[in-house]
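So, here's a batch of structures to check.
The following pair of complexes shares a single chain, subunit A, combined with subunit B in the former and subunit C in the latter.
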Partner chain A sequence: MTELVWQAAVSGVVLGLVYALVALGLSLIWGVMDVVNLAHAEYLMLAMYATYWLWALGRVDPALAVPVVVPVFFGLGWLTYQALVRRIVRAPLAAQIFATFGLLFVLRYGAFAAFGPNVYGVWRPGEGTVPVLGVPVAASKVTAGLVSLAAFGLLAAFLRYTKTGKALQAAAQNREVALALGIPVDRMYALSWGLGIATAALAGVFLIPFYQVSPTIGDAFLLLAFASVVLGGFGRVDGALVGGLCIGLLENLLGTLVSPTFKFLFVFAAFVAMLLVRPQGLLGDVGR
Partner chain B sequence: MNRPRTLAALVLGGLVLLPAAVQDSFFLNAMVHVFLFGAAAQAWNLVGGYAGQISFGHAAFFGIGAYTTAWLLSRHGLSPWFGIWVGAAVAAAVSLAVGYPTFRLRRHFFALATLALAEIARISFLNWEAVGAAIGLYLPLEYRNRLAYLMWDSKPPYYWTALGVLALATGVVWGVDRHRAGRYLRAVEQDEDAAEMLGIPTRRWKLFAMGLSAALTAVAGAVYALYVLYIDPYNVMASRISLLVVVVALIGGRGTVWGPVLGAPFVVLLNEYTRAWLGGRGTGADFILFGLAVVLVSLYQPRGLIGLLASPSPRPLPAVVGAGRDPQDVPPAGAGGPPVLQVRGMEKAFGGVRAVRGVGLEVRRGEVLGLVGPNGAGKSTLFDCLTGFVRPDAGQAAVDGIHVVGLPPHRVAWAGLARTFQNVRVFPDLSVWDNLLCGTEHRGEGLWEATLREVPPALQEEAGRLLRSFNLWDHRHRPAGELSYGQQKLLSLAMAVLRRPRVVLLDEPAAGVNPVLVDEIGRLVRALNASGLTFVVIEHNMEFVMRICHRVAFMAEGRVVTVGRPDEVRRDPRVLELYYGR
Partner chain C sequence: MGRVTRRQFLRSTGAAVASVALGDRLVDWAFAQEAPVTVGAVYPLTGALARIGAAIRNAIELAVDIVNSPYPDLNLPLARTAGLPRLGGRRLRVVWGDTRGDPATGRAEADRLVEREGAVALIGSYQSAVTATASLAAEARGIPFLNPESSSPRLTERGFKWFFRTGPHDITFTRIMFDMVEDLKRRGARISRVAILAEDSEFGATAAGVAKGFAQSRGYTVTAMELYTSPPSSLTAELLRIRASNPDFVIGANYLVDAVLITRTLKEMRWFPQGFMVHAGFTTVPDYLNAVGRDGYYFLARAPWALGIARRKPLVARVNELYRRKHGADMDEVAARAFTGMLTLADAINRAGSTAPAAIQKALRETNLPGAQLIMPWQGIQFDEKGQNRHATGVMVQILDGEYKVVWPFDVAEAELVWPAPPWDRR
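Presenting the complex of A and B:
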């Protein structure tokens, strides 16, 4: 029993790192421009399709797909901002919510029309396992977890040490002051969309070797990412990491101990409990 | 006035008689869908349109209604006449459980919580053996063709039942829209803090709209189950139902009575016919279209089809008898009544900044007390502490003996404290008249009472008189957002004083206003004071303060330095040094 729990905990941490990577982009865009991108997980889904087709048609290994998929999705994010989000930055909240909600359905049913309802996955026979703290974990999952950690490290360094990163933070904190200081806020917003969508795509690339894709996987991932951001505390990069880890652990442990069918129910219950007790999240310190 | 009503009656009559003329089964089937999804969209409109709380999970309520009715009938033989209301009650209870924790937070949370709810509900029902899990529930056919079970083997009776459900939902929304409730929900949508400060219990109203909305959606779901005779999580809890409901309301025009009614045939018929043409569940092309429509509506025509068809027609107002009292120029008389507002030991720190440090203050009944001091002295923070927007670290405040610290803003308002904000806060899309009527007394006002009744005529007359004396009467039909900044300040003052609170806190009433209007505001404050109202006024315009205040309290660095007659305070050397740096 203890061994089972330990196994669940370890694979929960690995899974949590992947959730954190999905949540990272959501948190970044939310933090920088106060827009919750409801279509966030649809980009993850599309990136998984892109990686799958590169593998199925071109025999490109998912890891090698990164230099192609991630820049393309950076561009997609940038484009989404320029074509759609730019127009609603200062619109009423309802318009913002509806705009990305509509986008969610366009992308989801676009994928449905293009790829059909079938489930696809990359299957690589003979993949090894890596022992993590005494538990054998599939190599692809370990890779995904490490990639997630690296992405968090790089983004944190970017925000802290580069001039552009600091400008991005300034634009996030106060749009007017940033504008007055000559920071191109509009470009910072576009950059946050590019980066946010690119990290979602990165998660997609490393998810596909062990997670099958279909047009509707976005729902679960959006909710998990949102719960991660809320749980960890929003407006900060490490919040997504802590939140993602908690969600991954919670899902795996309770899924193992109680019932795998209702694991999302537990996650949701934790999320609601968090809203009641500590709406600013684990790491957050400011009121709302 | 009667024309829209006649038109509505004619259309309704035509719809009732339609099955006599058209027997095409595909068409009748499509119309049943139009009515039921129209009803669900109308229900969504209450919470997503009027109250502005956007739900993406109405499929859960639709499904709960369908499942409850179907389960009670198939497993226990209980009539849907009973089951429908049980389903409505269950759906309302679930909606409140989701709304209660999330309505405290920004609206994203509610939107995502409802999305999560729908997902959780679908997964739970898919795995719940008692309700058939993935196999679903069949409705027993032996009950058909009996009115007691609302099941038939031909389409027209369903057509009429569904039409009845749409009429019910529209009637409820019409009732809300016509009476106080609609005004309050719109106020909540536009500026929750301002609504709270007027004494509107915003969270209770949001929960009310949500519960009512979920219950009506469940009724539509129940009738849907009786119509299709077989339900499973895929046909009554799918996320496309949530989408369809949102799209109908959004395209028709959310926050209006007729928007969802107009949107339903447009969207649902399109959906039904494309599905028929493309065969089966289609390729999802219709949903790409709906998604695009939602994006486009949010970008270009937030008011939907209704916005394209009709410009807002102002409602006729009751004629008001008697001219407004002209406020006389009353010089400030020495007001030495008993204390009405007592503040003791108020403390508030933001991180390391101690904005308010041990403030004590006594406001006497019938006086105008000026609160002056340099920027950052803690004046507005003190107001925030008193009115429940900021929780003070320590201290007491009582209005006529009622403690207000720790109460939410609407309870503070109920205790008799009114307030205006430094940056004017009116409800921009509500008419001036509706804005003003949001300022009536809300203490003890029942939710159903406010839904079923308008403000009593006597109170409306009083409001009319107030509006005249504020020179805003001629603007009463205009949206408040169209007024000048100064006029908006006047309006917010009128809204604050309409219910004749015990103490009115004014935060910089003269700032950013032209000199003529500054005089006007000063005159109004004095006249209202002469009629018995007590004021505390934060203001930087010293001339204004000198003219209207009986006493002045000087604040600096979070403390009250001195309190006294205006001329005394102005000459106080500490004030000169702290304020003017001399």
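Presenting the complex of A and C:
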């Protein structure tokens, strides 16, 4: 029994790190410009396809796909901002929801048209497991977890220690004041979209060795990413990390111990409880 | 106006009656030589299912050709003769109705084929939802409806008098999994505990319920029954729990996306039950194995038919050869079922010796085709009082060396069943 709990906990942490990585970009965009990107997981899906095709056609190992896929998706995020999001930054909430929801459909059904409804995955025969605190975990999952931690660390350092990072925070905190200070808010917004989508792509690249891609695969992650951001707290990048870890642990521990059928019931019950008791999230500031 | 004498009256009416009677008989005789017997086929010929509709059409046309032309060396119903012998050698003709995959269109097409094309019986319609409506048209008109390939159990639970199904339904597909396990136990395997892992929509939840029912009625312990929403982001909790419940085998009702994740999670956990059986079709093989490679070996799936049974049943190879010569591709399981359905209907029309719907219905009820005359792995075709073929069953296939191989029933198997599946470190 203890072994089962331990195994559920360890794989829950690894799973939570993956959820956190998916949620990172969502949290960034949400935090910087207060726009909820409902199409976030669709970029994850597209990045998985990109990595898959690089592997299937060019025999490029997913880890080596990072320097290709991540910059391309940074550009895609930037482009999405310039073409669509820029027009709705100050629009009513309903317009923002419709715009990103529409984007979700365009990307998803574009993927259906381009790749068909089939399911693809990368298979590497040598793929082994690594013992993590005595529990065997797929090596690719451990890699994804470490990449997630590194991404959070790098982004936090970027925001705290670089001039651009500080400008980004300023733009997030107060648009008017930032403009008055000469910060190019528009470019900061575009940058946050570029970074946000790039981290979604990073998640996709490291998901594909142990997860499969099909056009609707975003459904598996979008709600959990939202829950991660809300649980952890708005306006803080590390909120997504804490939120993702909470969800991974809740899902795996209560799922294994009580009933897997209700695992998301536990997750979303915690989500609702958090909204009622501490709407700013675990790490969030009341001021925002 | 002149008076008609009694004699004149008798003479003229007598002549009229005689001529009508003789004319009818003449017409009958002429028709026996000329007019074919018309059967209406209601299938999705255009739209998303057009590819499947085309395979069915090919199969039905081959069946009709076998009825109409002599094939002296084929042991199939009506193969040796030309046409329908009990109807004076009249030929069989199929008129087609296109459902476009839509229930309302299916019903309208069924009506049209009976009303305008003179169909004396109907065959169709692949999708359960369309079969339900098209057969309603037949039931309302008192026309026999033969369904070879729809799998919803409800179709034969409606109390219809004119509906007959030759193929297996979803409950049968679960039964064969347990039948195979019974056969294994007879060979000495010790199997008593089963776990169920299914996605939670209509398909998975229904299959899980049926599997649980079978397990309980046959004295197995259901150690765990886990449902999840597809696509799942993780199945670790589900599979940890199933492993902890220590089942001998697992029954899965999962979509392809889920199957890939299940395979990878099992490998990560370094655990595999003695057997893992899934409700999944053939079409998924290349995709599935592309994604999981050799890790996908030893999974078992149920199937209504597989070309692999040809190795032990030469008739299957012969028919497939004819099919391929005609249509340039191998038969698939849908084609095999449609082919068998058409021959069953033709056999009944022939035995009815008439094109009267009631006579065909009676003949269908009395159908008794032996397994040797079928390309299916069945004992035969006999309908129960609900119109369901009581011998309809399927085969179990196992992924071995990158292909699905028929491994059960043992008498038509093309490869030896691997049970228990080897542990991960010995693969």
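List of remarks:
Just so it is clear, the second predicted complex is superposed on the first by the 284 of 288 C-alpha atoms of A that agree within 3 Å, B and C clash if a C-alpha of one lies under 4 Å from a C-alpha of the other, contacts with A are read in each partner's own complex, and residues count from 1 in each chain.
We take it that contacts are C-beta pairs under 8 Å (C-beta built on N, C-alpha and C of every residue); 3 or more make two chains touch, one makes a residue touch a chain.
The shown structure was predicted, so the numbers you read here are calculated from the model rather than taken from an experiment.
In the superposition on chain A, contact is made by A:Ala113 with subunit B only, not with subunit C.
In the superposed model, A:Leu283 makes contact with neither subunit B nor subunit C. In the superposed model, A:Val230 lies in contact with subunit B only, and not with subunit C. In the superposition on chain A, A:Ala138 contacts subunit C only, with no contact to subunit B. Legend: residue contacts after superposition of the two complexes on their common chain; A:Phe264 is shown touching both subunit B and subunit C. When the two complexes are overlaid on their common chain A, residue A:Phe105 makes contact with subunit B while staying clear of subunit C. In the superposed model, A:Glu251 makes contact with subunit C only, not with subunit B.
Of the two partner chains placed by the overlay, only subunit B lies in contact with A:Arg87; subunit C stays clear of it. In the superposition on chain A, A:Ala220 makes contact with both subunit B and subunit C. Within subunit A, the residues touching subunit B in one complex and subunit C in the other are 216, 219-220, 261, 264.
In the complex of the two chains, the subunit B residues touching subunit A come out as 52, 54, 56, 98, 101-102, 104-109, 111-113, 115-117, 119-120, 123-124, 127, 239, 243, 246, 250, 283-285, 287-288, 290-299, 302.
Residues 36, 38, 84, 87-88, 91-99, 101-110, 112-113, 215-216, 219-220, 222-223, 226-227, 230, 261-262, 264-265, 268, 271-272, 275-276, 279, 288 of subunit A are the ones that touch subunit B when the two sit in their complex. For subunit A in complex with subunit C, the touching residues are 4, 7-8, 11-12, 15, 19, 118-123, 125, 129, 136-138, 141, 210-212, 214, 216-217, 219-221, 224, 251-252, 255-256, 259-261, 263-264.
Every residue of subunit C that touches subunit A in the complex is listed here, in rising order: 200, 226-229, 231-234, 236-238, 240-241, 244, 256-257, 260-261, 264, 267-270, 287-288, 290-295.
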